[in-house]
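Shared chain: chain A. Partners: chain B in the first complex, chain C in the second.
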Partner chain A sequence: MRLRQKPRAALAYLALIVPSALILVGFLWLFITSFSIRTEGLRSLGWTLSNWSFLWKSPFGPQYPSIWWVTLNTLVMSLIMTLIVVVVSSMTAYALSRMKFTGRKSFLSLTLILHAFPSVTLLIPIYFVLIWVSKIPVIGRGVPLLGGLGYNTIGGVALVMVAFQLPFGIWVMKGFFDNISWDMERSALIDGASRFRVWWEIMMPNIKPGIAALSIFSFITGWNAYLIPLTFTAGRAGKSAVLSLYLQNFISESVMTEWNAVAAVGLFQLIPVVIFFLFTQQMLLNIYGGGKKGGV
Partner chain B sequence: MKKLRIRSRIVVVALTVGLLLIGGAISYAQETETITITVRARAKPPMENWRGDNFLLAAEELNADLKTAGDPRRVEIELIQDNMEWGPFLSEFVLGYGAGEAPDIWLTGHEYIGAQAEAGRIIALSEMLKEFPTFNLIIDGLWNSTSYKGKIWGIPQDAEARPLYFNKALLKKLGWSNTEIAALPGKIEKGEFTLYDMLETAKEAAATGVVEIGNGFWTRPKNGPDFTAFYYAFGGETIDSFTGKLVFDRAAGLKYYKFFYDAAQTYGSMGCLGLDWSGAWHPGVSGSKVLFWIGGTWQWAEWAEKFLKEQGGESYMWENFGFGLIPAAEKGGKPNTLTHPMAFLISSQSKYPDLALALIAKVTNYGPNTRHAIASTHLGILKDQTEYKFYKGSRLLSETLYMLDYTTFMPNNPYWGPYSTITYEALAATVGGDFTPQEAVDFVVDGLQRELGDKVIIR
Partner chain C sequence: MKIIFKDLCKYFGRVKAVDNLNLEVGDGEFVALLGPSGCGKTTILLMIAGIYKPSKGFIYFDERVINDVSPKDRKIGMVFQSYALYPHMTVLNNIAYPLKLKKVHRKEIKERVQKVADMMGIGELLDRKPAQLSGGQQQRVALARALIKEPEILLLDEPLSNLDARLRIMMRSELKRLQKDLGITTVFVTHDQLEALTMADKVAVVNSGCLQQFSGPDELYNHPKNLFVAGFIGSPPINFISVSLQKSDGRFLLKNRYLQIELAKKIGSKAENNSTSSEILLGIRPEHITINKKEGIETEVYVVEPLGRDILVSVKLGKSMIKVLALPSFKANMGDRVRLNFNLDKIMLFDKKSEKSLLLDKD
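Take a look at the complex of A and B:
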């Protein structure tokens, strides 16, 4: 029996190791390249820290924004986007999962249709919405840190990203709510809890893996967003620049790309995502365990 | 008790100083008004950074002028400068304008003037220029590039020539002597060495294995202004001076497309279209794989700084590369080049166009313009700039300045975009062997008439 199981396990490991190794080699190259003057495959032709000099001085000149300012912009945008997506998706999904009301199915279908639209087809209508928002006093252009919620602001970009991410979020969260037994909720309602309290105190703790999953997907989407920030902010080096745009400064159509520096910035861009993943991975792994540990 | 008294005194002194500072600040704020002027520039770092950075120095000078003149306004610069592609750079201006947030000063290619002037996004400067005599320093011919419908809409910022570069080492391998190589730019200037002479040499180089087939002669890999210079070389015109409409000349067009058809199909050149700029084109020309190629003077700095730094930069290039005008189409004909000046435009949304223009006047002077010219190997735009002590220090700029006497421009017409795209599509198909020269001309005529109707004159 054991003998028969061993080759099976070995095969399973082999099937896992081969594709994982390919990905790991990619990361290894990224790491080696970011600390190398030049590389031949995975072999460094000389070690250097100069590729990381963007951390303490702008590689393009003193008038370019610091990487830390750009990182702060990206972080603020991604966190705001994640927060709104998670809160709004979970509230909407709860209503769609648990309440019967007219237009429920149509609403669900509509969100799916919205998700099917490629973002590029919606750029012009969104632009007009952002211009309209820009004209609203304070909200448009006067929010500290975010700049506002209008055109050429971090908040405006976050708002657009939220709109694109919400359909996905609603469907994911609805799936999680659908899997929770009615009994717990019914007991709470019989005990006199309000719908909001049931949502917050009973349902939300039971879908933590779902919240974690949606959070990390939303965060990564915001963190790596390119088209929306490119279209709705001014310049790759403006006050609203984000990391994905900043990275493009290294890759130009007509000037030699310094791949070692690109690798370093790419690795730098990866760090917060890895940290975010480390904090949420325990909950993420529970998704496949059937929801909350201890079982619903 | 004594300590308490000392503390009280310190508090009183601190409060007094604080009040004085606040009072001073309020009083200064009441006396002066700080105005932010936004400058949006496209520049390849670090070579072209002076395009925008000059404004930071100019603001200090302007503030001193304003103070002296008793003007309560003070300027501060918000500079947005990066190396964005032209398409997104243009979209950004249009979208920003739509949102009421266009930059005060927009530095862009002069060919956008027609479209932006028609859309009302930029202002005409003809009248305002009179208040700043510095602008009289600009070489007269360059104003043509920023004029549209009889008015001036922009201030030329830099100029360049687009020479025919040649690789001296490869010519030597072909058997050319140093004297012959040194004489080549002169022969081109006199019309003794024509475009077809160049192709013959390129063919010989490919046949003898000096270069690979396809590498005898290269143009830029994508659509761009350089091709227009070849069309001009064959007698083509792009604009009707009387109506201001675009022009396509069938006879010149046929010769133009025949040249590129021959180059690719008969002379084994033009293996360049579609190449990636930084991945293949620059390494190809700077890596001595190509005998003749058309490039810009600004690329000299790029090769020295980015591609050939380890080989010795400029000194290596002087040893191995040479340049001349784009040869004439026929013996005794006039060679040419093309200048595509960048120009400062002022947005019609700018609340202080006078200050914006004053800043542009500050950067349009020998010092600031020469800083940019030398760092980026662009040509100067000012009269007698070659006499300026620091400009003279650049050998490339001095040796290419004569090319401005032979220069041509692209037209300032709002419909230049589709015109350029259609004529290039035909060229790419000709080089690829999909079109004969006549088919290319027919394609262009059909395309222009379909896209532009009576906005283009077909001759």
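Take a look at the complex of A and C:
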């Protein structure tokens, strides 16, 4: 038994180590490059901190927003998106998991189709929708911090992100709700709770791992988003730019790309996600484990 | 409070879970719904609770139809098989939850929780979480939560099935005592006939959604209305023997290849009047057969199983097997020839086709 198990374990480790090492080399390059004047492969040709100067002064001139403003934008966009995704998915998923109503099945399959739908094809129609929303006073483009919900606003981008994230969120949350015993809910109904209280006081506390997993996942998706912010904001120089767009400033046709600076900004964008991930990876695993831990 | 079912039906799609149920549970009665798994007994309970709506028919609480009353307005308490405690709340908050929803004053909640918890013997556990309790303690918490509302009807779904054997016997008597002390109309669901017979005032035997018999434990055991009830109640189970009922010279005889029994005239004529054919089934419980080596129906010992208080002897009569409860003093080995005597006062006769008892007065 033991003799047979050992080579098997070794094989498993090998299969994990090889791809991990490849990815790790990439990160290592990123790290070394961001602190170097130039690099040859993984070898630094002189260390420097100058690549990080974007932290205190804008490398593109004063008309561009500073990195901190952009970071705040990204944070607000990710948080807003996460909040809406979690609240809406968990309410929708509860209804889909527990209630009978006409159209439930078709709603579920529609959500699944939307999840698999190539979102790129919707970019242009959504652009027109956002332009139209922009014309609505106040909520269009007059809200502080968010900008509003229309074109070229943080709120607008968040809204579109939410729309694309919801099908996934609903399915994940439904999985967690499905795993909670019906008895607990029935018991609460008999105890005198309304449907809303059952959802809020009985169900939600018991799917905390699911909520955590979905929040983290949504947050990371928002933080890393590129295509949607790129399409629905005025671009990298605008006041609604997010980190991924800011990064794009470095890469242009007219000037030589400073890869060391790109690496530094990339690392800067990466740090929160990595820290976040380190502390929460256990919960993230839940999301793909079918939410088994979501029960009792 | 009385519970009355009138022509109650529940369909799930095409499946008839409950079929035309008519039943009356008296005020303060302790009633068991007994039947095999999937017979519809939990469905009935959930209809009383208001979780399921009847497809047809009515449920009355006293004179009031409650078909469309929501669960929280029915003044019921329910204990689920899984206990369904709220895992994220302490025992205190679990028990207090129904009162909190009723917006009872905090001080009063505390007093009432303490009172009911002391009654259930869990007064010391109020700060714990359900996961830190044993099965028996969890059940007491569930009971306390059901009772704190001072419900008029208490519903128990398989209340004892998750407990270990010893605790089950203890809780059986405790539940019975509690029910009598509080006088709450109680309906409980079980698939365990022993639980039903020992605890309930009246037992409703249900099979495939249909009520088979509704009577006291004694009646159920000694005068089952049909083959299903006779076969379902009793452990070790009743023996059924295929016989033909014959009448000669004014005497009634039960005969087959291996036995011949003379029936009392009263029983015989009743059976003859009720039966549609002379081929009938004789039912006799294992404890109503005596076994000896001298006189009676001749059989052969197949196997002997000591049960402690008595021994269970399986004997072969032709091709069929008959189980007999004998005193521990009875000694026999496999293959021994033994003789059986049936207690004629205790025999039951059933029609083969309708499966109904032939000894009941026609309604």
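Basically, the second predicted complex is superposed on the first by the 258 of 296 C-alpha atoms of A that agree within 3 Å, B and C clash if a C-alpha of one lies under 4 Å from a C-alpha of the other, contacts with A are read in each partner's own complex, and residues count from 1 in each chain.
Assume a residue touches a chain if its C-beta (ideal position, glycine included) is under 8 Å from a C-beta of that chain, and two chains touch if they have at least 3 such contacts.
Keep in mind it's a predicted model, so treat the numbers as computed, not measured.
Using the contact criterion defined above for the overlaid structures, shared-chain residue A:Gly61 touches chain B, although it does not reach chain C. Of the two partner chains placed by superposition, only chain C is touched by A:Pro205; chain B is not.
Applying the stated contact rule after C-alpha superposition, one finds that A:Arg197 touches chain C and leaves chain B untouched. In the superposed pair of complexes, A:Leu130 makes contact with chain B only, with no contact to chain C. In the superposition on chain A, the chain among chain B and chain C reaching more residues of chain A is B. Using the contact criterion defined above for the overlaid structures, shared-chain residue A:Arg186 touches chain C, although it does not reach chain B.
Per the touch definition, chain A reaches chain B in the complex via residues 59-61, 63-64, 127, 130-131, 134, 150-152, 230-232, 234-239, 248-249, 252-257.
For chain C in complex with chain A, the residues that touch the partner chain are 46, 49-51, 70-72, 74, 76-78, 80-88, 97-98, 101-102, 131, 145, 149.
Against chain C, the residues of chain A that register as touching in their complex are 181, 183-184, 186-193, 197, 202, 205-206, 296. Interface residues of chain B, counted against chain A in their complex, comprise 40, 44-46, 49, 52-53, 56, 78-85, 88, 91-92, 95-96, 98-101, 103, 277-279, 282, 302, 306-307.
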